[in-house]
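One chain, chain A, appears in both complexes that follow, with chain B as partner in the first and chain C in the second.
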Partner chain A sequence: MKKIHITNDSVKTVLYPLVFGIILVVLWQTQVLHRLLGADTFTLPLPSRIGSIIADNFGVIMLNVKATVFVALSGLLLGSLFGFILAAIAALSPHWGMGGLTIATAFNAVPIVAVAPIFTNLTKDFSSDPNVRSMFAKTLVVMITCTVSMGINAYRGFTELKPFSLDLMKSYAAGKWTAFFKLRLPNCVPYIFTALRISVPGCVISAMVSEYFAEYIVGVGRQIRESIVLAQYSTAWAYIVVACLVGVGMYVILLFFEHLLLKGRRIK
Partner chain B sequence: MQREMKKPVWEKIAASPRTVTVVWVIGLVLVWEAGAFAVEAVKRTPENVLPHLYQILASVFSTKKVTASQTAVQIVIINACVTLGRAGIGFVIGAAAGYVLALCMRLSGAVEKTVFPYLMLVQMIPILGMAPIVLAVTRDIDKSRVIIAAILTFYPVAVNTLAGFKSIEKEKFELFHSYAATTPQIYVKMMIPASVPYLFTGLKISAPMAVTASILVDTLQGGGGLGCMLSQSLKHAMSIYVFWQIVFFSAFVGILSYYGIVLLERIVSPGRRNQTRNAGGAK
Partner chain C sequence: MERKRDVRRKIVALAACAAAAGVMFGGCSKKPAGSAAAPAAGGPRFAKGTPSEAIVRASAGAGKVGNWGLGNEYEILALLSKYGQDQKFLSQAFDMDGFDDGSIWLASAMTYNELGLVKNSYEGGYKYGDTVGTIDMNDEGVAMLEDNIFCNSAFAKANPNTVKAFLSASMKGWKYACENPDEAAQIVYKYGSSVSSQHQSYMAGEVKKLVQTDTKGQTVTNYGNMDTAAMQQTLDLAKKYVKLSDSAAASKLSSLTLDSIMDASYLADASAGKIGKPEKTSVSIQLKWLPQAQFMGYYVALDKGYYKDAGLTVKIVPGGGDISETTAVYSGQVDFGVTWVSNLIAANAGGMSLLEIAQVYQRSGLVLVYKYAE
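Moving on, here comes the complex of A and B:
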């Protein structure tokens, strides 16, 4: 694209948010923020205190992070795969498929809070181990949230082709399947990433929310809540910071792969 | 076209998109009922796991009181007013703040450079998971509902509106400059109207989120609201059908909130819908 040279503008792009962030942390540490919000250091602990708690309880925190990330990723994988297959079926038989996707979008508006307890109840007999069956229930909830966005976006990728490209395929006497693999599938790739940009933050959120309703107490989201019930606000904040890092980390990994695979083929 | 006219009536009915939707809905109902029968065969209390749809429907119209003074429907409706009222306030505040921020970001490059990375960051972090801490800091369930709903509404509106401001063609600015229009005039006559479709794209994403957020905040504490009743019903403090009614009601409200915004958009700006459909919501 452009030659990389450091301009006044690009310095500002990095500097401004950085300075803003530092000011915010300094205000927080010096308790100016507390006075503005009317909070005390008990409910809104200082950054240094949160940092020391993360360092002290690193092992336990990682255990919960692992549980949440496992649920989020397996749900993301299963849901995206399922959504992709649905979209492919819908693209091959557009008439009935599109109707199915319309229904699926309606599911998208169903609050996770309503879905999570249903699955917790449904999967009671799945395993005698409460940890395993909770994992299963949580994964199903995450799967549902990821299925929809992948289904809709992949369907768009399969069907919103360049004008006349399908006619060209037909003039080559290409069959339905050849057109699918040579034209529709490659066209779909950028749309898959659009879906993942919605699902990756989404899967972390739904994993955390489904933990609230799960039987077995594990996971970052659940620990935030449990710590607050026990009035251990600093611990809760430590888990929040970790949750934010997980969310940002997963998104950055996604962007890295997108950059690697698409190289500027992104749809706007 | 000609060929379609000759098709028999039943084929035309089968081809209409409405029929497709109806068939899908019937299919889903059948799957649910099959599941309900399966659960009924093996469980002692099937209504806790998967009741029949007609049982839920019957509980809606039942006059039996599930608490001292209220029937199941009364509980759902009264608590829904509490929850959705707060969700609505948060939604309006968040939308207004998001729009103003987008305007500020367009007006000043420094503001945009400072704030935009943080807007992206907010998108990546699980705000809903932070609901308990907001409650702990504000110590007021009503305030927390409004705040969480506002934060969740805020960033889709801000990001989409900013995208709207940026999508305006350069020629339009040149035209306005050639008319010697002042900056406020440019904003009022061109930029603000041009951003409206994008504003609605943001609102469509955030409306179901605001509903979800408010219900979730309810579950954190007693004292009314749909989520509170939902968790009480799950703990068998009252009829389990209250839970099922809330599940269907919240699903309904979530979908309705989306179509409510679509309707509002048709009224406010008929025929000028933003063509870049967002994949987050229904088409």
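Moving on, here comes the complex of A and C:
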């Protein structure tokens, strides 16, 4: 009985947004949406036109998607790792770690648009290939945004333990490291996913914004900007749709892994 | 300079946190390398008299040609193609640091703006003086016309007298500005400037040249004239180098003619004084960039009351960043706009119906700048 109930629920959670999405696309294609918003088909092109542009330029679009996803993922990986290490240090020796964590949090307040051009300038000597050094600069920007969410959340995971659990460990005469590996680390896992749920959409956004300022012209974000400045709205929309698909796709993959690993241990 | 590079390398090597700290402090104290007494080294230098073909080949071969992109790159693409080079360039920032530090050997510069910053020694300048050379798009035969005045073709049809009155007063402003560039620069500076008053004066002097000289170097006296040959060359180059992913827009682009992007009749009537009562008296003009002497004609016309005399109340809307002047005019947020002809062509290919009513700049102001050998 219980199993069927869960299936029903998951059907609902998938079906309702899907139906809503389909209705939206139908309203869009039939231009009802345009009348509601007071837009024309030039600034808000029809889905069919957007689709045909994606189909016509699939190769070029994938080239840009690859560049964006590479930067987003490598920034996510490095940033999360760095944030996690910071959090671990903070949990193990609050003396040192808290300061580092506070500084990292402060950097999160620096907007991407300010950091991105500066990193582009700073990394000019990194490689003689502009593509490589641009990738590096963009990755650093993404890294900053991902470091903070992982740092703060993982720190919570390391320190917000069940009442008395740490006392229990002490009563077992467990050392600092044993407590870390047996208690703190397992407790932290759901928090890691909380951080990733913030970082995954964030890394795509910061990757695309940092492309604006990169020396080497490539990426979904850069193409959106170029197309809008040149008043090519259909093309811009094609890249916007692709950007959404990339973001949603990465998020779905994350949820899949979260479900697989946590099996309902997700924190609220 | 070497020291600066070392610091840079170290910062890069550090973790993100430390790098960001470097940014904060480095960022505050960072001064343009040009403020040093001698021009900074960086990148190769070309002997005076080196043919432009050799410079383009060497720089493009090394992948060191810079441009801002975003629709400003077509003349560069045409030049690269002229010398058989790949259609590739580095994305250049709006300062000239890339040129200064040698990461760009052949950098794009507008004669009235970036070139002044490279050469001049006022605040913000890089002090290169006569130690830099330029490759001029006009001389290379790849010139595309830049700053114009345009509006929606429907607007022009519905408000012909407004258009004529606006053109007449604007051209009077341009005439006065070109005859008195220093005063014009001060007027622009008064209306809110993004750059220093000295740079405005330099800019006014250079803009005057673009307004009064055509692509062949001949003097132009009828301000705003639409030189058919130069317009056709712009359209032809645009058809070749504006690459549109949207197949509908691409086929529209290939079918565009001069008649579908410009109409000289409004200016002709305006210069002949055949102007009726303006249909719409309160109008606005969207600039392509920040308030600067690039647009001095409009500020002079406003300041000297030429618009008022023509029965118009004019609001000048500065651009900058990613403001798209074509979209602003198309959507009716503003009545007139200043854009480059290639941008207007791309917008019309995309589905807008914009009409050029005057061509203020008679020649291309884009050059590629490189360093001379000592």
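As a working rule, the second predicted complex is superposed on the first by the 250 of 268 C-alpha atoms of A that agree within 3 Å, B and C clash if a C-alpha of one lies under 4 Å from a C-alpha of the other, contacts with A are read in each partner's own complex, and residues count from 1 in each chain.
We take it that a contact is a pair of C-beta atoms (placed from the backbone, for glycine too) under 8 Å apart; a residue touches a chain by one contact, two chains touch by 3 or more.
Note that the structure is a prediction, hence the values are computed from the model and not measured.
*Asks:* Examine A:Val248 and indicate which partner it touches, taking first as chain B and second as chain C; both and neither are also allowed.
*Replies:* First partner only, chain B.
*Asks:* Is A:Tyr216 contacted by the first partner chain B, the second partner chain C, both or neither?
*Replies:* Only chain C; A:Tyr216 stays clear of chain B.
*Asks:* With the two complexes superposed on chain A, say which partner A:Ser234 touches: chain B (first), chain C (second), both, or neither.
*Replies:* So A:Ser234 only meets chain C here.
*Asks:* Applying the touch criterion given at the start, work out whether A:Trp28 contacts chain B, chain C, both or neither, answering first, second, both or neither.
*Replies:* In the superposed model, A:Trp28 contacts neither chain B nor chain C.
*Asks:* Quick check on the superposed pair: does A:Arg156 touch chain B, chain C, both, or neither? Answer first, second, both or neither.
*Replies:* The answer is first: A:Arg156 touches chain B but not chain C.
*Asks:* Answer with first, second, both or neither: which of chain B and chain C does A:Ile118 touch in the superposed model?
*Replies:* Both partners, chain B and chain C.
*Asks:* On the A-aligned overlay, A:Met98 touches which partner chain: chain B = first, chain C = second, or both, or neither?
*Replies:* first
*Asks:* Is A:Phe126 touching anything from chain B or chain C once the two structures are fitted on A? First, second, both or neither.
*Replies:* Once the two structures are laid over each other on A, A:Phe126 reaches chain C alone.
*Asks:* On the A-aligned overlay, A:Arg225 touches which partner chain: chain B = first, chain C = second, or both, or neither?
*Replies:* A:Arg225 sits against chain B and chain C alike.
*Asks:* Using the superposition on chain A as set up above, list the residues of chain A that contact both chain B and chain C.
*Replies:* 43, 100, 103, 110, 115, 117-118, 121-122, 124, 213, 225, 228, 233
*Asks:* What residues of chain C sit close enough to touch chain A in their complex?
*Replies:* It is residues 5, 8-9, 11-12, 15-17, 19-24, 26-27, 63, 69-71, 90-91, 93, 97-98, 101, 103, 242, 244-249, 322, 324, 326-327, 330-331, 343, 346-347, 350-352 of chain C that touch chain A.
*Asks:* Using the touch definition up top, name the residues of chain A that touch chain C in the complex.
*Replies:* 42-43, 49, 52-53, 56-57, 60, 78-79, 82, 86, 100, 103-104, 107, 110, 115, 117-126, 130, 140, 143-144, 147, 213-217, 225-235, 238
*Asks:* Which chain B residues qualify as touching chain A in the complex?
*Replies:* Those residues of chain B that touch chain A are 15, 17, 20-21, 23-25, 28, 48-50, 110, 113-118, 121, 123-130, 132-133, 135-137, 208, 211-212, 215-216, 219-220, 227, 230, 234, 243, 246-247, 250-251, 254-255, 257-258, 279-283.
*Asks:* Please output the residues of chain A touching chain B within their complex, sorted ascending.
*Replies:* 12-13, 16-17, 19-21, 37, 39, 43-44, 95-96, 98-100, 102-103, 105-106, 108-115, 117-118, 121-122, 124, 149, 152-153, 156, 194-195, 198, 201, 204-205, 208-209, 212-213, 220-221, 224-225, 228, 233, 236-237, 240, 243-244, 247-248, 250-251
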